[in-house]
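In this document, chain identifiers A, B and C correspond to the written order of the chains, with residue numbering beginning at 1 in each.
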């Protein structure tokens, strides 16, 4: 529930109020640029060159080991006609649509639980964060075991409640779901961010609401969620970006199979970049992914005035 | 108020409800925790198995006798102390660079006004959106031209120039802090740099701790970048050492050694995380501002 | 402004402490790091700065050469390090090799990046991916270097008739072969003994194998507890093609630069059908899900619940510690002919290498004097006959090993050399074969699918 109407867009756009002295405005802008300078310099030095290079490469045929050859739009036209590209797109889309809300909700719920004042909370937080620390080949083997159709823990537990589990990683219909489950195991990072956000909500607000007679659920809706919206916004944007770029789990656990059922866009890209040495084509895939993510992110940003609550809006209205 | 004898049953009292909620949360977290820890038990169990038992189906959960020697074999196969030292250097520098540069930049994006700020922010965010695989070759060629190949520099220097993820996170957090604090500081004549250092940083301890932990874990676990840029074995890191147990297409991984090595390598991030818990203190933001 | 800081005196102190500690720590680390980086980068061979001063170095010190190999297992990796040491000792003052071992995937990334940076690795172990390096003109023509070694021309010692597979341009060798790998039939002696069945030998046909597999398959209560045979590596395209080979056909027209895929040839399809029937008709072999129920991520053979499996010769080291007695036999005959794949392991040299003499010396040495070490290590099959048949070598190997190696004349290379080979395998053959072995598609349909897609890809060029 919004306490007051939002003031303009969440990203405060800059219009110079006529009454402010020009000199102060210039100085503030200068300070702003100084603050932003590490990021700007970083982009100029380390990122801009390779990014422009990769855009250029998307219009070439490049096998890394010899010089690129210009081919114009050939990579892009081939891309949109390629069956496996659309398979990868479908896989990534389904995964994102399902796992992003699922992970967000789960992480938020977990963060609320972990925020409760209780002895031993430190241990619980460490336990739930631990999965994000481990990575790579070890995790792959772990999950292949857990999803083993006969003796994997998951099917064993399902059998105890009378359900005959599928072949998971060997089954085209279920492999993607298996990876979604895997992603939920390592929700600790998102949870941690929510937790930091929850820590920033002053206790006094809850106490005041308590005195006013508000119940727990109503407190959650009117205090927690709005004051957490900044952090939720972050997790949502990063969640979308992350979901569309999933690589390690898919590559290392299922290698894109079975029969391309877990061929994520990033896996498809990697195959063309480093296995088939079609770096030009891979760059075209990458820029498609870039545009896709950019569009989705902009949508979220544009929608944010409706639900994201900024402290800076409170004054002056 | 004179004390009243409560006529409500226990579960209707405030204290009673609090206790019940705590108990419910405790139980839920325990069950969830057990589920989350299950893969780690399996990992530990595999680390203690002899090579033949690793792939048996049905799986052996408690190997008897436990092969503690696996830890020794895994740790001595590579010069672990040297790699730990290398990892420490890289990780500490990256953490310092990230914390300083990202919180610095984030303040500019969060609070200060400047023309083109939004565009620059979207550009910064855009760096997250292009998959790294296609910038790898141009980036490598760039660092090669700098002469930085086979040094730690490609791994460390970029972190002093901010990372989009952390800048974004810190920006969001700064935007939750009440403007009154800064306004009070400005009235007292403080410039933005002082505000950042004396107000923003201390108040954002939970999120700074989060950034520190994230940065540690991702740098610590990164095996690809060191492998690509470092040719001397003497410069390898712990993550690189773990990748040695992967095996090749014709010869499978030595899973028991890998699990032993992974178990040991989990300790530093875990310790750091437990230490960082100290900074997850309830918001003290509002204290002294009331009125 | 004074309020927030006043009410948190603890915080102010900790910030100062933090600053002090950070400054001290950073200074300490900076000095150590600079020292470490500086010291460590001294003896590096092959850095861009080193490369430009190489001619000067040649006059004063040994020629430095960079070699690369991928990681396998602790024992193999250690042997490679020892090999490098041995080379350096033997060539003291003349050549000095710096061998880097990397995980398989990153091995190729690093090679590619080195080429992109125009600073290639001088010599590295061959695998099919390196064919793209050849096609881009990046590999040195080694024929001239090979011709200077008289031993290499000795047809008694070296399988020269097989070298044609590596003459990519039709005439010249671009790699120095140092070892070979083959395929064999592995069998569990204990299971055979328990059933009183005679061991496989060189006279076996696949029909005989099926007959014996039926005898050795045990089912209890609807569940199979012991399988007679697992097609193992015959399920990979390079194994499955051997049936067509024996019948006079093949999956594609040329090993080097194929132009047409002919998997749909009935002689090929017949073999695929026979393999699939093992699982779904005769039920002597497990399908993927059943296999997973017995052994996760590794061949069933090592669990002792499988009587026979066809797999590569590299499988010997994996079985070394088996709890049961086992041996090897040649792959059975199909249509009264024996056909099996083999592969070369060898060293290639970069055309733009700045230390070609040393790089070539490494490869030549590996294929000649070093063969004796391969005998001791038994990691790979030495390419030279003297070592391959040495009593000392065979004594550490299963008794059937010699009979397997004797089938080398019947072998053809199990590779596919084309610019798009990775895509052909990974996108077309791999997934379609998986569908076939899961019985989601008939062999005829699978073969037609592969042909259509592969020919389309080849046509693209």
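Operating definition for what follows: contacts are C-beta pairs under 8 Å (C-beta built on N, C-alpha and C of every residue); 3 or more make two chains touch, one makes a residue touch a chain.
As the structure is a computational prediction, the values presented were derived from the model and not from experiment.
> Suppose chain centres are the mean of their C-alpha atoms. Which chain sits farthest from chain A?
Farthest chain from chain A, going by C-alpha centroids: C.
> Would you mind checking which pair of chains has the most C-beta pairs in contact?
Highest contact count among chain pairs: A-B.
> Per the centroid of Cα atoms for each chain, what is the distance between chain B and chain C, given in Å?
About 37 Å, centre to centre.
> Using Cα averages as centroids, what's the distance between chain A and chain B in whole Å?
Comparing mean C-alpha positions, chain B is 15 Å from chain A.
> Identify all positions of chain B at which a residue touches two or more other chains, and write them in rising order.
As it turns out, chain B has residues touching two or more other chains at 57, 59, 136-137, 243, 246.
> On chain A, where are the residues touching two or more other chains?
Only 64, 141, 145, 148, 150-151, 274 qualify.
> Could you say which residues in chain C touch two or more other chains, in rising order?
Touching at least two other chains: 109, 112-113, 116, 292-293, 296-297.
> Please give the residue numbers of chain B that touch chain C in the complex, ascending.
Going by the criterion above, the answer is residues 51-52, 54-57, 59, 73, 77, 85-86, 89, 92-93, 96, 136-137, 140-141, 144, 147, 149-152, 181, 184-185, 187-188, 190, 198-199, 201-203, 224, 227-228, 231-235, 243-244, 246-252, 254, 257, 284, 287-289.
> Chain A touches which residues of chain B in the complex?
Residues 21-22, 25-26, 28-29, 32-33, 36-40, 42-43, 46, 57-59, 101, 104-105, 107-109, 111-115, 117-118, 120-131, 133-139, 142, 158, 160-162, 164-165, 167-169, 172-173, 175-180, 183, 191-193, 196, 206-207, 209-210, 213-214, 217, 221, 223, 239, 242-243, 245-246, 253, 255, 258-259, 262, 266, 269-270, 273-274, 277, 280-283, 285-286, 290 of chain B touch chain A in their complex.
> Residues of chain A touching chain B in their complex?
Those residues of chain A that touch chain B are 11-14, 25, 28-43, 45-47, 49-51, 53-54, 57-58, 64, 110, 113-114, 116, 118, 122, 124-139, 141-143, 145-146, 148, 150-151, 153, 185, 189, 192-193, 195-197, 199-204, 227, 230-231, 233-234, 237-238, 241, 245, 247, 266, 269-270, 273-274, 279, 282-283, 286-287, 289-290, 293-294, 297-298, 310-312, 314-315.
> For the complex, which residues does chain C have touching chain A?
105, 108-109, 112-113, 115-116, 132-133, 136-138, 288-289, 292-293, 296-297, 420, 422-423, 426-427, 431, 434-435, 438
> Contact residues on chain C for chain B in the complex?
Those in contact with chain B are residues 1-5, 7-8, 11, 15, 22, 25-26, 29, 32-33, 36-37, 40-41, 44, 46-49, 66, 70-74, 76-77, 98, 100-104, 106, 109-110, 112-113, 116-117, 119, 292-298, 302-303, 312, 314, 317-318, 321-323.
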